[in-house]
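Naming follows writing order (A, B, C and D), and every chain is counted from residue 1.
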Amino acid sequence: MSPITFIFTGGTIDSCYDPEKCTPVPHQQSILPLFIEKRLHLAPDIDFKYIQLCAKDSRDLLDSDREELVQLLQEDPNERCIITHGTFTLFKTARFLQDRLPKLEKRIILTGAMVPIDGFYHSDGPFNLGYSLGISERVDNGIWVCIRGKCYPPSADVPLHG
Amino acid sequence: MSPITFIFTGGTIDSCYDPEKCTPVPHQQSILPLFIEKRLHLAPDIDFKYIQLCAKDSRDLLDSDREELVQLLQEDPNERCIITHGTFTLFKTARFLQDRLPKLEKRIILTGAMVPIDGFYHSDGPFNLGYSLGISERVDNGIWVCIRGKCYPPSADVPLHG
Amino acid sequence: MSPITFIFTGGTIDSCYDPEKCTPVPHQQSILPLFIEKRLHLAPDIDFKYIQLCAKDSRDLLDSDREELVQLLQEDPNERCIITHGTFTLFKTARFLQDRLPKLEKRIILTGAMVPIDGFYHSDGPFNLGYSLGISERVDNGIWVCIRGKCYPPSADVPLHG
Amino acid sequence: MSPITFIFTGGTIDSCYDPEKCTPVPHQQSILPLFIEKRLHLAPDIDFKYIQLCAKDSRDLLDSDREELVQLLQEDPNERCIITHGTFTLFKTARFLQDRLPKLEKRIILTGAMVPIDGFYHSDGPFNLGYSLGISERVDNGIWVCIRGKCYPPSADVPLHG
């Protein structure tokens, strides 16, 4: 299997519940590598690379963050990349990447979750990560959003909140 | 999206922990429909059909159970099917289906988990279900085993225990 | 064992996470009876009675709600009562009850949690309920707040949030 | 609050699920200190001391282990002790301690769980620990078994399995 790069940007999928703020806040350092390595009983020859871009609620992502993401994707040698991201601007970032990287010969998947993985029994995150990995194997080159059990082009712009 | 049939056969993925027996036992009625409908925040136009074949530890599956599975797959009109199954004989059943249905024009995915979904915080089941769904969208017709983050042909016969 | 009355008022302990609001909201109908009966493996002769007073974030509790609570406590025949309540005004309600029921010959315990029981792996709620039950067996008559592993008089007024 | 000694002996309460053995096995090093310190939002002045005696399924406990426990209890200066223990021989160990320490001027609580704390969403362990702590504050000196929401003398010998 070709190596896959994970890029973490924060978002609900990579948050923990803060009892003071009564809401999830992104882990400064992603818990996803530990989750992926310890909990999924993966085959030993799977080759993942992890990059932490930032740790933000996606409503706080700046276009400068998205530019950094563009750069990372241009420089990274792997043909597949899964980006974990908050749900509020998931499609916005996807369209940004589409505009800036229209001819990139890679399969780029953006995904996230409505409920955090860490500490929540009912998270959709593990399913979404699995779905994203499955899609990443055979999807056409380009930018894709994997959420809600479907693989969308950036233009779909599905409202994920209310 | 074309409709997808889920067939439940039991196995760890669909078990709950029995404190008397100190081990997971399969739910007589699958918890997966509730899990899928309530926990995954799926798109409303996803169309799943659920069939309970049996509720067994896969070491207790008989070839007569596997014959019933063959029949179900022949009769079911959907082009995609995800079968949840115990890990002990996952590849054995896959080879059985391969032998009996060598030319079936469908995408059949077998999956399972090392840790139950219901009641366990660290289950690999949600990831495996997501991965299976993702693979099912673009894989070639045939029988496939989706486990450990990989999509195997039945002949791979990977030992999942010890 | 003498029968015990549980009174549910809402609060984080009896909430579920709302992915739209990104915060826990109280269950309209308490999940605590199910939690208590199914998850705790209690002795068959334990006799609990359940009353739902309201289902509110404790910052939204009105003095009229607290008056209703006073009435319930006066009318209920059981000598022991455990009240589940939000953490924001836990001590405020305790002082209210103390003022209005200074001579009640009962053991009244108020408790709550920083993290919901339902859907959260890291809830302090189950521990707090167990602690409250343990304290209720031998504590003096009066109003008590059981939280953070300690049993406080209403006057302690410990700040539970930041 | 007077300091409390925890003694860990293993048992289901302090186990994790082993997907190879399909059953929980005791953690070699107890997860309870981390659970207690991180998850329970305890008051900062609570003073717990932790001792690991062994890490065994209670069916494998030897009388020599129980003798070590007797010695620990005799030497430990704290007046309160909570012992976590497997459920299969919980009352047997309680009676052993009763026989060997009939006049110890301490409050000794034995507790356990039917379902492990670590990795299980439905564990009775957190409730049992809270209950044990609550009971330990006001119970008479002696040996007590706190399980199923009740505080039993060793002679009760309640069958916890089947």
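Following the convention adopted for this analysis, a residue touches a chain if its C-beta (ideal position, glycine included) is under 8 Å from a C-beta of that chain, and two chains touch if they have at least 3 such contacts.
It should be emphasised that the depicted structure is a prediction, and the values quoted were computed from it without experimental measurement.
Chains that count as touching both chain A and chain D, per the definition above, are B, C.
Across the two interfaces under comparison, B-C and A-C, the one joined by more C-beta contacts turns out to be A-C. If you average the CA atoms of chain C and of chain D, the two centres end up 26 Å from each other. Centre to centre, using the average C-alpha position, chain A and chain C are separated by 40 Å. For the pair chain B and chain C, the distance between C-alpha centroids works out to 42 Å. For chain C, the set of residues touching two or more other chains reads 19, 41, 114, 121-122. Residues of chain B that touch chain A in their complex: 1, 38-43, 46, 114, 121-124, 126-139, 146, 148-151, 158. Against chain D, in their complex, chain B makes its touches with residues 12, 17, 19-20, 22-24, 114-115, 119-122, 161-162. Residue ranges of chain B in contact with chain C, taken from their complex: 19, 41, 121.
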